[in-house]
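Consider the two complexes below, in which chain A is the common component and chain B and chain C are the respective partners.
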Partner chain A sequence: MGMISAVLGRLSQAFLLLVAMSVIGFIGIHSVGNPVFNVVNIETATPEDIRGATIALGLDQPIWHQYVVFVDNVVRGNFGTSYIYHLPAFELLMSKLPATLELASIAMLIAAPLGTALGLVAGRRIGTLFDRTLLQASVSALSIPSFWLAMMLILVGALLTGWFPSGGRGTTAHLLGQDWSFLTANGLWHLVLPAMALAIPNIALIARLSRSGTIEVESLDFTRFCRAKGLSSRRILFRHTLPNISVPIVTIIGLQFGGMLAFAVVVESIFSWPGVGKLLIDSIQLLDRPVVMATLTFVAVAFVLLNALVDLFYAVLDPRVRLSS
Partner chain B sequence: MTVDHTNAPLLRVENLGLRHVSGASSTPILSQVSFDLGRGEILGIIGESGAGKSTIGNAILGLLAPEFQQTSGTVSFGGKAMDRMTAEERAALRGKRIAAVFQDHTASLDPLMSVGAQIEETCLALDTRLSRHQARARSIDLLARVGIAEPERRYGNYPHQFSGGQRQRIVIAIALAGAPDIIIADEPTSALDASVQKQVLDLIRDLVDETGVSVILITHDMGVISEITDRVLVMRKGKVVEADRTSVILDQPAHAYTKKLLAAVPRLRVTTGPPQTDGGSEIAADAPSGEGLRVPMHLVAEGVSKQFAPRGLVWGFGRRGESFGLRDVGIRLPRGTITGIVGESGSGKTTFGRILAGLDTAPSGRIIIDDQAYDVARSGRRSGLLGRVQMIFQDPSVSLNPRMTIEETLEESIRFGASARRQDSQANVASMMDRLGLARNLLARHPHQLSGGQKQRVCIARALLAEPELIVADEPTSALDVSVQAEIVTLLKETIAERAITMVFISHDLAIVQAMCSAVYIFKDGRVEDFGSSDFIFARSDNSYTRTLIEARPQRFTC
Partner chain C sequence: MTLGNRLRARLISASLLAIFLWCAPMAPALALEEEELRIATAYKLMTLDPHYANLNENTSLLSHIFERLVYQDENLALKPGLATSWRPLSDTRWEFKLQDNVRFHDGSAFDADDVVYSIERIRDFLKSPSGGFRSYVSGIKSVFVPDPLTIVIETDSAVPNLPLFFSSIFVMNRPSDGFETTEDLNAGQAPNGTGPYRFESWRSGEELELVRNADYWGGKPAWQRVSFRVIENPAARVAALSTGEIDVADAIPARDVASLKERGVRIASVGAARINFVQFDVDRETLPGVTDKSGQPISNPFKDPLVRRALALSIDRGILVDKILAGFGTAASQVFPNGLPGTSAKLLPEVPDYEQGKALLAKAGYPDGFSLVLAGPAGRYPGDAESLQAIAQSWARIGVKAQPSASPFSVFNTKRAAGDYGIWYGGSSGEAVDIILHSLLASPDPERGTGALNFGKYRNETFDRLLASAEGIAVGPERNAALAEATELAMADQPIIPLYHFHHIVGYGPRVGSYVMHPRGWTTAMQTLVAAE
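Presenting the complex of A and B:
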């Protein structure tokens, strides 16, 4: 019964989050401007055209009424049709999702193991050259802006050396009704630089967390006891220290991954990567309200799911959470 | 390596000297430490904090931090000098020939790994020929050997599913995994409750008798020494002041420091004698029913209940664990007396103390001070208890703000204490320092520049300067060395009496409670198990739990 109440609690939180997000998003995009001017041709349109378009889009109604209509449609699974592309907003979002998903996943697949490993080694060797270098490098990696990092990667990795392409998705292959870059060698080649741009700050973040966790855990009595009972230091590191530092690391991985799904816009723009972040920013600029709302809803749901996964991981990892009664 | 069973002692420490080097400064930690350890012998090493006793254990285990440098002497195991061994040879000794048991059973075990797996990995690390299956069988044997019931079923359980005593048994099982020649036990029972401490000590004694393993038992507690050791090394400031058979040390100590240590051990009187404290007759003279409560009560707490909510998300079904919390707890404190609350860890005594001080809430119950009722469900300032009741905490090293000087801490107590409400306050930092035997030049210092005893005096000063009517002291002496304990207890008792403050004294140490308190409440599992005057509880109460607590004490220090 504890489990059911936990799940119910989580679901009601998620529901509240969605409501709050949709209200804020709706009011926000409403106050940015009137989308009708992006729909009609402003040079040639007569006042009648504008009025007609306004009525057609339902923009003549008071905002609360527009919101009610929006919610009503969403409940029926319809986010509306993009003002610009004249495609269903949800379909448009889904067509951009594979690009973002593969980019974020590959970036995290690089960042999580590498960051954790670097942190473990540094935490074992506090004050050594390796440790100090890692600390310095991580501060730099966290403080440089992502656009600069992306441009430097293009400069070094593409323009000066010509090793990697500077943008675009390259050749894609079809899987599950979507196009994926990571399935072809050329597509993977195109993924390298943008994935690095997303991974580098995360490597730094995860390495710092992992380092401080390692220092803390290795100062605890049980690591000393493990040495006293004759275990090798390798085994202590991987079987005892690593599980004990992983809770904060997994939390951060979950949050950062959610962030990359939605807000990797700078990297996506610079590398002309047609992903969700780019779609969101473009839609906001074009006041494409249905697409903005669809994207925001997706992001909120993604965060809720990621957090649930992180909680599940805690339970798998930590018997005190799993078995508490 | 083979160990010569006949001639040379198993372990010989000769003229060992160590210093701690950090940066330019270098502090001697040990000097001229020599002793032998024979097979099947329990050698006690006793001393106060800073005596260097744990360092000896770490030196033998080869677990010294790199800042420690050996300056003289040798440690030889089985006739071979350990400092001439390679790092690999020393690592091969660890766990296999020389094992360890540390103080904190909770911290000694990895919380994320089942206890079975932790024993199993030790067996596998120490004997590479073992199959996984054999290692598992051996681990179950070890669990059974240290007295864990149903070892097959408990094998996959995690450390938090065991009680403190069971965890320490599991740690001992791990130490036994390699069938070692020596176990170095560093304060193995200090984190355990009195009744469990005795069981664990008995287990160690049995293991020594059965297997012939030798034990070096490092402790600050004369009680532990008197219970199971064969020989004792008394240490002070890195030197051995006296070494002899246990009976000699206890009965005819030669060195003044040993005598002082022995004298400082609080003794429990279990025979009826003339009441040591007056006021004892005021509460429940004979009967625990509490008749004859003529004196006006200063504080009455009634029906305080609190259930602790389980932490974190709940993914499992059913399976209720131990229940913690308070169930319908009530106490009555006559004005100007000291009342003791005794109980083991988890009995709810600390939670109850915090509720009395307004630092914690309980969903039901009430507290009446001088006919004014307080709602314990409300927290902090809103309950009105804050300020009227002051608290002295267990560990002075964490209960003082490290960023504030002593003067700032004490001034704050005056500014926001009783004088904030009353105009005629006499509170004065300097005179309080004098009264508590603290030099005035300490005022400008920060807490880390003070000794443990000084810090606890500052905590007492802080509580008194707020001019409270009541003080809750939660184990105020258990983080201190024995010799300092006695001073603090006396000082606390005197200053409380001078100001006619009513005090609740929470402790697990029956002897200190007897010395301090006129009435005693015994807590068990969140309930009041027994209560009455001090004389009644210690000499005449026939409550079985009270008797168990008294009998678990070292016989040597009960009279």
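Presenting the complex of A and C:
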């Protein structure tokens, strides 16, 4: 029973979030400017062309009316047609999703284990050279802006050494009806630099979290009991410390992964990686409202789902959560 | 247990290292096909419908697949395309003779009926928001096909520019029945044209893959394959060109030209057939942002030609062209770069004369100057936002306090349409001088379709009359002289301040022998030659 009400609560929260997001997004894009000027060529169009396009896009209607039409369409599963590309907005979004999904997943697959492991080791050996280096490095990695990091990676990895390509997805292969880069050697090669650009700040973030967690847990009584019991330090670290520090780490992984799905704008733009973040920022610039709304809705749903997933993980990781529910 | 873990860790790190080393020599993983041309373009491909939007974003790339009856050469003179010749039969009738032995990519033969279909599709079938092409065919009354390779077009009134209009209309193949919709074309029904390259695949806004049309009527196209990658970020385009991942990149920022040349990239550029200018609102009594020095509203000073002259005399175009555009621009005195058909040889870019500017301003009754907000788009044209700053500094020297205000293009357009600006920076382009004069300087008149870009509502009846009579003259020297005369008359009144014609800049790598620039600014494989061995 408690479970059902918890799920219902979650769902109603998610629904409210979606409504609020859609109103803010809709009004925001509307107040930025008139998309008609991006659809017809303002330099050659006649006033007749502009009027015709305005009516065809429904932009002559009052904003509340446009919103009602939008909601009505969304309820029927239709986000409308992109003003710019003349393709269904949701289809357009889905065609960009594989690129983002593979980039974010690979970046997180690098960042999560590496960051956790580095933090664990540093936390065990506070004050050593390794610990101090890691602290310094993580502060630098977190404070440099991502566009600078991406530019430097291109400069060093592509322009100076010529090891990696400077952008694009490279060769893709077909799987499950979508094109994926990670299935080909050339595509993987194109993934290296952008994945590093996304992973580096996350490694630093996760390493800091896991280091401070380790320090805290290692000073607790149960660790001392373990040691007194004669367990090897390695076993203490992996069997006892790691599960105890994992709740905040899993939370941050979920949040950061959601962020990468939606807002890896800078990295995607600089590496001309045709993903969701790039689609969102391009569409905002072109005032392509159907695409912006479809993308924002997707992002909101993705965050809700990721948070739910993280909560489920708590139950797996922490017996207290499991027992209380 | 301990030993096992340690061993496992070693194994993992060893295999990671192995993967890395195995990958490293694979960097140039794809053996490049000998005759593949790779182009990075800023033009995003929006749709596969060649009649959807009259934007370079779309037409530049689709011009590989679809062709037009008439082409414009590098000096904007007309030359044969799918039409071998054309002549006026009377004031309102034109005859076009069509190229024989042309086949569409699906093998069907090209004939006059396909031209009729293309005209009908634009005029009668396509609905808004697609548009921009309809004005080219709106004057067509009827079309006759005396034989499959001849087409006679009757217009409502004299349209001497009809052949020029056909240099913008892509010819599609008539399907067995009805019309092809934009959705059909986008959904992957391979676009079927007569052009030198066939469509292979695309992803909207990402890439377009083309292969050689071996049966092309105009001779064997240079490249076996052409792949376009849409890279909107200029720095990313420059980086891809530097590393040799691509062979041609367009819209190179002028500031990157020097470093690209150091890396052995060659650069081609041409003055664009377009104009960037400052436009005045000369219609309303008072203007937003235009006040005296103490902030009190004043009556619209731009109604006085003396004030417009004073401001025009006080702009240093040398700084705009040499510093802001790094030499990749031409100072402007009229709507097209001097020398193109229809331009006046008498109008030359002016050097600034602040003394006279100040004197004119005093004569007009503003000895202490006034304040204004100079609006403009940011990031739409090369040098747009920076020009606002430079102009403001120049005007400060004659006592006019200008506050630059740059916004994103769509915001700028929305606000300008709402009347929020009194004076602004703008741009205009067209296939010929008269098309720009028609929309930028002629009095606004929805009936006649004039003055679509004349947002400042400048009206000059003498100019309107001169332009209308020039537009009635057949294309040739006489028409060009009449257009030049009309331009001289209007520019003496200074309805706009011409600033510069920026240059299109393209960079290309060693696999390309040469690149021929075209003032229209499209980026195509047809403009390249394969490098000789």
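A few points about this structure:
Here, the second predicted complex is superposed on the first by the 324 of 325 C-alpha atoms of A that agree within 3 Å, B and C clash if a C-alpha of one lies under 4 Å from a C-alpha of the other, contacts with A are read in each partner's own complex, and residues count from 1 in each chain.
The definition used in the following text is that a contact is a pair of C-beta atoms (placed from the backbone, for glycine too) under 8 Å apart; a residue touches a chain by one contact, two chains touch by 3 or more.
Just so it is clear, the model here is predicted, and its values are computed rather than measured.
In the superposition on chain A, contact of A:45 is made with chain C only, not with chain B. When the two structures are aligned on the shared chain, A:33 is found in touch with chain C, with no touch to chain B. Ranking chain B and chain C by residues of chain A touched puts C first. Looking at the shared chain after the overlay, A:240 reaches chain B, while chain C stays out of its contact range.
Of the two partner chains, neither chain B nor chain C is touched by A:135. In the superposed model, A:281 lies in contact with neither chain B nor chain C. When the two complexes are overlaid on their common chain A, residue A:301 makes contact with neither chain B nor chain C. Once the two complexes are overlaid on the shared chain, A:230 sits against chain B while remaining clear of chain C. Of the two partner chains, chain C is the only one touched by A:83; chain B is not.
The residues of chain A shared by its contacts with chain B and with chain C are 232, 235. Residues 61, 63, 91-92, 94-96, 99-100, 102-104, 107-114, 121-122, 125-126, 158, 160-161, 171, 174-175, 177-178, 310-321 of chain B are the ones that touch chain A when the two sit in their complex.
Per the touch definition, chain A reaches chain B in the complex via residues 1-3, 5-6, 220-222, 224-232, 235, 239-240, 243-244, 311, 314-315, 317-325. Remark: chain C residues 1-2, 5, 23-24, 26-27, 29-30, 46-47, 49, 52-55, 127-132, 134-135, 182-183, 186, 203-206, 229-233, 235-236, 239-240, 242-243, 245, 274, 408-415, 417, 427-430, 435, 439, 446, 449, 452-453 touch chain A in the complex.
Residue ranges on chain A touching chain C, taken from their complex, read 32-49, 52-53, 55-57, 83-87, 92, 95, 151, 154, 158-159, 162-168, 170-171, 185-186, 188-189, 232, 234-235, 269-272, 274, 282, 285-287.
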